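Paired with subunit B in one complex and with subunit C in the other, subunit A is shared by the two complexes that follow.
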Partner chain A sequence: MSASFVHAMRRKAVRLTVNAVIAVFALLPILWGFLSSLKPTDKIVEFPPRFLPEHPTLEHYTRIFADNAAYFIANSVAVSAAAVLLTLALGALAGYAIARFRFAGRDTLMVSTVAIMSIPIASLLVPTFTLLSWAGLADTRLGLVLLYAAYQLPVVVWMLYGYFLSLPVEIENAARVDGCSPTRTLFKVVLPLSKPALVAAGLFVLVFAWNDFVVAVTMTSSETARTFPVAIYFYLGFYGREWGPLLAASIVSIVPIVAIFVLLQRHFVSGLTGGGVKG
Partner chain B sequence: METRRAEFWVPYRLIAPAVALEAALVIGPLLVGFWYSLHNVRFFQIRSFVGWDNYVRVVTSPEVLESLLATTIFAFFALILTFVLGFALALWLERDGRSATLMRAVVLVPYMIAMLVGSMLLKWLFSHEAGLSQLVLGPLGMGNTSILANPKSAMAALVFNAMWRDAAFAMIMLLAGLKSIPPSLHLAARVDGADAWMRFRRITLPLLRIPILITVVRLLIHFVNILTFPLILTGGGPGNATEVVVLRMFRLGFQDHILGPANALAILVFLANLLLVAMLLLLFRRAGRL
Partner chain C sequence: MSAVRFSGVSKNYGPVVALAGLDLDVAEGEFLSLLGPSGSGKSTTLGLLAGLIDADGGKIEIAGRDVTALPPEKRDLAMVFQNYALYPHLTVAENIAFPLEARKPKPDAAEIAKKVEAVAQSLGIGPLLARYPREISGGQQQRVALGRAMVRDPKVFLLDEPLSNLDARLRIRMRRDLKALHAQLGSTIVYVTHDQSEAMTLSSRIAIFNHGKLQQVAPPAEIYDRPANAFVANFVGDREMNFLDGKLTTQGGAPGFVFAGGVVPLIASAAAVAGNGALRLGIRAEAIEPTRDGGALRGSVILAELAGPDLFLTVRLGDGAEIVARADPRAFTAREGEAVSLALDPARIHLFDAETGIARHHGAA
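Let's turn to the complex of A and B:
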């Protein structure tokens, strides 16, 4: 065996070991929660703990669905979908204005976009609730949709603006010469060419809205407007120290996100770097 | 002439809905919050104007000062550890190839799932009942220690939560920066005999300065305003050991319903954020992105 071969094998072994450590670090909490959710209640807290369930059961999953989980999931889906559509519509209009027009206040608008994008939501919660109760939008799904749109709009404007800039302006000019209004040009010519950016931006809003907990828990109180993450939080109190249903609900919330992520990972990453779809 | 005037208003009509929404739901709350913070508020009813009293009450409150200390400790350790881990991951997974792509996706999973769910899963992992912590700590003679019941280890668990979720964010931000360094530079340095450490010090670090600073400030903003991790993982306890400032604000506002001081604290936190955001804007300008 040559020295270089041993060297290469050793390198490969190191690489595999480090990757395995990283994977355990990232995935162990999720895997452990998933395996625990499949155990019957008395086996969940068994000591010493067994990693694999002896007799896997779906009882905790049936239980949360008996406790209205489907309704809360439907709420989350409806609120997320509406937030995505609203944000993309408003974001496309504003992003197009910044990309294709020179107007007084444009620079201020761009700086404010990045500034608002960076303001953490947590510092706005108390005053926002105060305002929403004033406006009669507290504890409504509409209120959540408007807030999600407001929080994600700056990122979406930024992403779409960057993408519009990269499109050749000649096609739009041709449409304009043919008598299309700017708005018509945007919807008939620009947006059909912008599918990758729309998917990336939409995905970003979708994941945010589906995952949001702090906004929903502070702005809603009734079961009517309750989204799934808030329901999970209430299960925490409702079931007391019963981990089975809690972990089952957590896993249910993860599944669609991981599915979307596996299918569309490339699109998702571009939103994180704060713009630049190519990033 | 008619068309020119029509053109003039076009961009303003396009941005109007977006600006209206932001004004109503981001700027609006700040104004309302500021107004409330100057008043004595009982059950959502404004009673009397009290000037800066709420602010004085907030900054002299021992609980708030304690929460500031907890925030500082958490943000300090979370920032350093998350950044270092994220950077290491970025350097390790920078290369192309199937295994690096797969590993980047694996690292991103904790970041993709809801913060609530992530903290819930860690709460289960760390909990005494799950038995995993006993299994690990037992041989060390600490079998009866409950991680979340001790102030120091609870804070450590909170920092771990931050690392576990947000290292992926740092990794993605830094990977974008690493990609923008021309490979020819590394190649040239290698020809000149520079070892890996030398190339990291002389090429990677200097060229990555702005992306590094942007990542650090964005992480810092996130950690200073942390709410979900402590709310779910530790509940601010044991005692008040992990009650960070935004959690205190959350409790003042949504559990105790003391809206005057809660809004005063919110405005103060917002001003601190404004400072950080201003730094971020300067960095973006440096990077030529604004």
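Let's turn to the complex of A and C:
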């Protein structure tokens, strides 16, 4: 066995170990939560704790769906999806305009976009609630969609702007000469080439909207507009801590987002512009 | 009516003058090459014509219509970009079909497919139609870019160094094809290149640029034989022109040109035209005959290059100036270090104003 082979094996072993440690740290709480959600209520907080449930049960899952979880999940899906689409639509238009067109106030717009990104959402809660009430959109799903889009738009504009800038401008020029208006160029050439950036920005908004608790709990009060994270929180409040349903609901809330990440991962790994321009 | 007319068109990038007051007419059906060194404003001229660059001043007309303020998509042009600019997310077939898809009214699918197929065949990229640009070679990409332009019937074709990345043989073939295409379709073509033999073989006229300024527009032979100034004289031709700085003189009653390294005889018409100031004599290597002795100038060979049927001798004169002369190696040879004598054909001597470079006298071709 050559020294370099041993060396390579050792490096591989080290890398494997490091990854395993990271994975354990990241996944253990989730695994623990999942296993605990399968335990009957009295076993969840038992001491000393036991890792595996002795008699697995789905009672907590049955319970949350009896508590109308499906409706709140549907709310979350609708609000998140709408927020993602709205933010991407506005962000793509704004980002493209800033990247490719010279117009008065362009620099100011760019600087303010960056500045707005640094404002913490907590400090915006009260004013946005007031605004939303004035607009008659407090306690509505539409209100949440608009807020999520507003909060995430600056960072999405920034991300897409940077990506558009990195595209070779000759490809767009070619489209123009070939007969495309700027709008058609955006839709036929720029956006298809920007799939990785759109996916990344979309996931960014999705994670925020799907996980948001603070904004939703501030802006909504009725069950009609309640999203899933708020619904989960209710298991912590009214009837004492209900660990079982709380854990079950948390696990359920993780599933869709993980599924989407896995589904889309190949799209945001690599660029798509290979072979377009020389050199 | 000219197909294209530039009137006083200029473009600056900050302090860089990319194009200075361009006046240029391209006739209907003409094959005009824009030739010049790197950074001379060729692509800028094409970009302005395509509407991709906004002019700082001046007027651009296409087929008699003022297009200065018209966006590219309304100018009805087809363009091949210097770096191809293929659509990476589309297949070769879709790339070629793209300009047809964007037409209004859009041709029907069968017609588009037929045209794409025909163009791909003529460019020898038929088997590549289903591939993506990243899956084909540089030369193939360039042909796809050509195909995307050829599939249309635009007012003017704009080609920015479309053959630069092809191997020598393919380049010659594509040159022929382009020429045939031009003859057959009678389309107006504005063609950017910095390969002068390409410009010479393809063009009806050549426009020579330097530092954003148009130097001369003329048919290839005229550019070569009657260069408007010293830059053009130097730029065209396989080898740089030989230049000597000096002034007129008479030697034993005969007109001559005196410079630090000696005196060169001139013909009477040259001496008559040229006046009295500082001049620059220009002469091509093929108009200088190296001999053992008997020429007007003497020097020693510092480099002997055999290029096919020609032997090029770089000779250092007494004053340090270097001159390249061409010999027929069957009639005359010399080695590095040998002393030779150079006979400059007086009939083929050009004279330029030493300061402005403007031609004062053209020698015979």
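Structure notes:
Rule of thumb we're sticking to: the second predicted complex is superposed on the first by the 226 of 279 C-alpha atoms of A that agree within 3 Å, B and C clash if a C-alpha of one lies under 4 Å from a C-alpha of the other, contacts with A are read in each partner's own complex, and residues count from 1 in each chain.
Definition applied: a residue touches a chain if its C-beta (ideal position, glycine included) is under 8 Å from a C-beta of that chain, and two chains touch if they have at least 3 such contacts.
This structure is a prediction, so every number in the text was calculated from the model and none was measured.
The partner that reaches more residues of subunit A, of the two candidates subunit B and subunit C, is B. Of the two partner chains, subunit B is the only one touched by A:N211; subunit C is not. With both structures placed on the common chain, the touch criterion links A:L264 to neither subunit B nor subunit C. In the superposition on chain A, no contact is made by A:L142 with either subunit B or subunit C. Once the two complexes are overlaid on the shared chain, A:L165 sits clear of subunit B and of subunit C alike. With both structures placed on the common chain, the touch criterion links A:N173 to subunit C but leaves subunit B unconnected.
Subunit A residues in contact with subunit B (one complex) as well as with subunit C (other complex) are 182, 272-276, 279.
Contact residues of subunit A toward subunit C in the complex are 168, 170-171, 173-182, 184, 188-189, 192-193, 272-279.
Residues 15, 18-19, 22-23, 25-30, 32-33, 36, 44-49, 90-91, 93-94, 96-98, 101, 103, 106, 109-112, 114-116, 118-131, 133-134, 146-147, 149-151, 153-154, 157, 182-183, 207, 210-214, 218, 229, 232-233, 236, 241, 243, 246-247, 250, 253-254, 257-258, 261-262, 265, 268-269, 272-276, 279 of subunit A touch subunit B in their complex. Taken together, the subunit C residues at the contact with subunit A in this complex read 47, 50-52, 71-73, 75, 77-79, 81-89, 98-99, 102-104, 132-136, 138, 141, 148, 158, 165. Interface residues of subunit B facing subunit A in the complex, by the touch rule stated above, are 8, 10-12, 14-15, 17-19, 21-22, 24-26, 28-30, 32-34, 36, 44, 89, 92, 99, 103, 105-110, 112-118, 120-122, 124-125, 127, 129-132, 134-135, 164, 168-169, 172-173, 176, 218, 221-222, 224-228, 232, 246, 249-250, 252-254, 259, 262-263, 265-267, 269-270, 273, 276-277, 280-281, 284, 289-290.
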